[in-house]
Amino acid sequence: MTWLIQSAVLLTTPPFFLGVIAKTKASFAGRKGPPLLQNYYDLIKLFRKGTVHSPASSFVLRLAPAVIVSTLLTAGLFFPLLGRAPIFFEGDVILFAYLLALGRFAMILAALDVGSGFQGMGASREAAFGAFSELAFFLGLVVLVVISGSASLTGIFQWKWIHPAWRPVFLLLFAAFFFILLAENSRMPVDDPSTHLELTMIHEGMILDYGGIDLGLILYGSAIKLFLLMAFAISLLWPQPLAWHWHSAALLGLKWTGMAVAIGAVESVTARLRLIKVPQLLIANFVVTLFALLVALFGRRV
Amino acid sequence: MDWLLVGVVLTAFVILGSSRLDSCIRMVALQGVLLSILPPMVRGSLLDWHGLFLAAASLAIKTVAIPVLLARSLKQAKIKREVEPTVSLHYSLLAGGAIVVIAFSGFKLLPVPTGPFPTLLIPAALTVVFIGFFLLISRFKAITQVIGFLVLENGVFLFGMTLIRDFPLTVEMGVLLDLWVGVFVMGIMIHHIHRTFDHIDTKAMASLKDAE
Amino acid sequence: MVLFVFSTILFLLASLLSLISRREKWKRLLGCGGVVAASLTGLVPAVLLLAGGDPVEMTLGSPIPSLTLRLGLDALSAFFLVPIFGLSALVGLYALGYLKGEGRWLGNLPFFPLLVVSMAGVVTARNGFLFLMFWEIMSLTSYFLVTTEHEQREVRHAGWIYLAATHLATAFLLVFFVLIFKKTGSFDFKDFALLKSGPWTGLLFIFALVGFGTKAGIFPFHIWLPHAHPAAPSYISALMSGVMIKTGIYGILRTLTLLPPPPLWCGEALILFGIASAVLGVLYALMQHDLKKLLAYHSVENIGIIVTGLGLGMVGRSQQNLAVEWLGFGGALFHVLNHAVFKGLLFLGAGNILRATHTKSIDRLGGLIRFMPLTGITFLVASAAICGLPPFNGFISEWLLYLGLLEAAKTSARFPLFLCVSAMVGIAFAGGLAVVCFTKVFGVAFLGNPRTEHAKPLEAKWKQLAPMIFLATACLTLGIMPQLILPWLQTTLLSIGSNASPLATGHPLVNLGIFSRAFAILIALFLLVHWIRSLLFSSRTVRIAPTWDCGFKGPTPRMQYTASSFAEPIRTFFHVLLKPAVSARNPEGLFPDKSHFEEHVDDLSERLWFSPLVDKIASFLSGLRKRQRTRVQDYLAYIFVTLILLLLVGVWIGI
């Protein structure tokens, strides 16, 4: 049962929240914005198209989209989205993180496969920023494991300990993971998802040479990645109930929409940083997580 | 209460990592607001005149007077609004991380007073004091020096919270007065350095040594 | 044990026959083929023992009274013998193809079987004296193999550095064994049990750490690695990096079983060294342009991960936490095996590239995957494995280690919490940087377009490819079915005196079988998505057209991102630490003339202590040389004075 429902949610909903973000940004800018389901239309359109391959490219370019989508879907199976995760075991947080890393590995290689400077640039930035954001991500995991005493995503988000609190630790962690979310999904202060200037792009730069079904798969993958990291961030403040109930689905819709609106708002009010500033911000994020660890350890009695 | 302490440390981090002087000043002001809320809370009662008075005084000085003064001198001095640290901001932030680890793991070695204050108070105070020191060491501009000094003093103020039950009001008022005078003197000096040298780099202060 | 002795004899025969045979073909066949046959023979007893056999010992005889030379085979030895013999067999097969037509390299071939047999000797010796003997044979034979291309100046230089470093290590080990001899009156490992715990335990441990650490390549003693590996022929690099440096790890583990329980700080020191090696190793690897030097620095990184695991295990043991102990030691041992597999594969792949393109510089390569698909695919598998990515084997060992560190962090009261957290973050960061590094290597060397015009590179022959395909399969198999190795880990851990079992860790799921399920889902999903994609594409048009060039006509392959530019963000961030030396001439003016950019990163530990140390010694010795006389009587006088001094020291201090 959990298998079915979780797979269904994971497969179908992610593009919707991208639509919510776009809508929020549009309303901030005083526009009407695209319909909420625009991303589905886009995907369907892309899946109908053929593609153009570069003569420089190899099987890496052709395999990468499937790798990206399958790693993210697998990672999604470890997350307690609606009740317990379909598979969970002690240490699955690490697997979760490394599955995301595998997706990134495939994406970077696919970018380098076409032998162009633009893709190379995007790939290089993605790789470096990924390494820096991994710092904060793993430190955040340590904090969560130390607080919850479990190294499994299902165990971590079991929040017997959340409600008396909303303790500062969680807000700090939420801030940290929210920023990781923005960085990993190439959102606004780090990368501009709607830019059309090749030299400044990160994520868009990497997928410049993709088209048709492959591009559709990659965009779909990005939507899942955003969905999963949103899940991570929002579950810190307000976890999903562990036993499956119909209202968990409603809660999921509500909370994720809230997150999407928050991302849209942040993206509307910030400007993209100079690239040289990005590692600094990621390090700042690391320091905040470090502080969260210390607060978690020393602020226990209060 | 933890919220406030976490906020104070976070503002210190922001000051450490931001490259613009005006945002530094704004953060110091914010830190002042957070600090002013603390005394009544530590005293345990919102209607306690000692705490309230301290809150009002520190709000007036730390949040209003000094930042306004700094902002004015920033405007008058017409300097480049960048911090220009000697240590790059990346490493400043990493140093901040090291400081917070040292402060949190080392505070148990100190003979600290015990009392009904949150466990985070002393490590947070230590962190803020150390970050203040680091700012003083690693920045050259006079305004950033003042900011570092303020952060340092805010840390001391946090330490003072551990004793707020036992100490008479006059001590804290003295500290606040001290701060006020210190910043005032620095403000005058910024003015003078600016008039004399056309910039406000503290490296030029060596020639004004006798003024302090 | 009979088979083991038989395989030793085979090795010696192979060496001898390859030395005396005259025809190139026979030399090659006997040398390499002998290694394959002997290794396979030797592999049998090791695997049998790990599968549940009893430890065996044999006495070689006692040349002088009070010195009995003994060999022994227990689970710990067997666990290291498996990668030694396994990789040697594969490397032997590879060398059979690799050395074809390289007659000038065959002169050093007889050292190859000797190197393998001396490594086997090191891990089976049960006597300090014998151990050091094998250790020295291993160092010397590998020195001769490193200097195979001795007509090149830098190869001789690299060999020289290797020889100096490895003897420094031996010196420390000699002191280590002599100190123990002073305490126990015996070189026999069995008698080391008489050692009582005391302040010298820590001292002994430091000597062992420096001695074994230099061989293993722990930062800051790793100096020889980035010199020796690029200089050696690739099949030797694979052997040295894959298994020889692991003898250092074996040494540390064996020391643990010999000495009384060392104090807590020894484990903590190991973790610290491990973090430093892991992070700095990968950081320096990222800065390299030379493929083999890059791989050598990655050995430093992986040794760092292994050493962190060892340290964690030791900390767990001294705090009597079975879970931490098991996960630490288990992760380290598993990583030893994994590293042998993927690093051997990577160096063999580097050998193919070198053979096909005649350059080690990554920046001159590109697009190789179209010419050498099998080398490319196996190299890709190994790259993913070394980054610790699922579903390959590197992930499992790193996962065990992470789990151990988290376990230690959870019970923070009794553990050096910040050390564990730093180790966690350090290894994660090293993993992130490894992704950067190997996307760089694979992306720049194998993908895109060729950066220089060279003759069409040719794919290697099947003798070279077969071992690589085998190793790549092993990467995947060990990743998907790690539970196969679990009993081996268990028996090995028992033999180093660890009572912990996976069940005692409190993680019933450490049976690792869960990964088979998880990775089966991953692979099934991948196949499904890819199948759907192919299905959709089958009815769409796919055109081949040039890469999007942003309207710029006529981009050349030289405009692709290079390895140096790929690593630029990281280098800029760490420039204070790395201090890159740049020599550049920027294009200027409307009609810029030739410009160039070159950059080079020096090793921190070489800059800080090794070069100054060597310079000091050199200047001291050249000072001595000035005093050199020509008369024989003077030399006799030196010898006489030395003897008298030694006698006096012996009498007074009692050494």
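Read from first to last, the chains carry the letters A, B and C; within each, the first residue is number 1.
The rule we apply is simple: contacts are C-beta pairs under 8 Å (C-beta built on N, C-alpha and C of every residue); 3 or more make two chains touch, one makes a residue touch a chain.
Being a predicted model, the structure only gives us computed values, none of them experimental.
Asks: Quick check of your reading of the touch definition: is the inter-chain graph here a line, ring, star, complete or other?
Replies: Chain contacts: complete, every pair touches.
Asks: Decide which interface, A-C or B-C, involves more C-beta pairs in contact, and give its chain pair.
Replies: Answer to which pair has more contacts is A-C.
Asks: Which chain is in the middle, if each chain's centre is the mean of its C-alpha atoms?
Replies: Taking the mean of all protein C-alpha atoms as reference, the closest chain is C.
Asks: Compute the distance, rounded to whole Å, between the mean C-alpha positions of chain A and chain C.
Replies: About 36 Å, centre to centre.
Asks: Between chain B and chain C, what is the gap in Å from one C-alpha centre to the other?
Replies: 51
Asks: Show the residues in chain B shared as contacts by 2 or more other chains, in ascending order.
Replies: Touching at least two other chains: 90, 101.
Asks: For chain C, what residues touch not just one other chain but two or more?
Replies: 573
Asks: Show the residues in chain A shared as contacts by 2 or more other chains, in ascending order.
Replies: In chain A, the residues touching two or more other chains are 279, 297.
Asks: For chain C, which residues count as touching chain B in their complex?
Replies: 418, 573, 576
Asks: So in the complex, which bits of chain B are touching chain A?
Replies: Spelled out, the residues of chain B in touch with chain A are 1-3, 6, 9-10, 13, 17, 89-90, 93-94, 96-97, 100-101, 104, 118-120, 123.
Asks: Quick check on the complex: what are the chain B residues that touch chain C?
Replies: 88, 90-91, 101, 105
Asks: Note which residues of chain C are touching chain A in the complex, please.
Replies: Where chain C meets chain A, its residues are 366-367, 369-370, 376, 380, 384, 387-390, 395, 398-399, 402-403, 406-407, 409-410, 412, 417, 421, 424-425, 428-429, 431-433, 435-436, 438-440, 442-444, 446-449, 507, 509-510, 514, 517-518, 521-522, 525-526, 528-530, 533, 536-537, 540-550, 555, 557, 559-561, 565-570, 572-573.
Asks: Mind listing the chain A positions that touch chain C in their complex?
Replies: 47-60, 63, 65-67, 69-71, 73-74, 77, 87, 89-91, 94-95, 97-99, 101-102, 104-105, 108-109, 111-121, 123-125, 127-132, 134-135, 137-139, 141-142, 145-146, 149, 151, 198, 208-209, 212-214, 217, 275-276, 279, 293, 297
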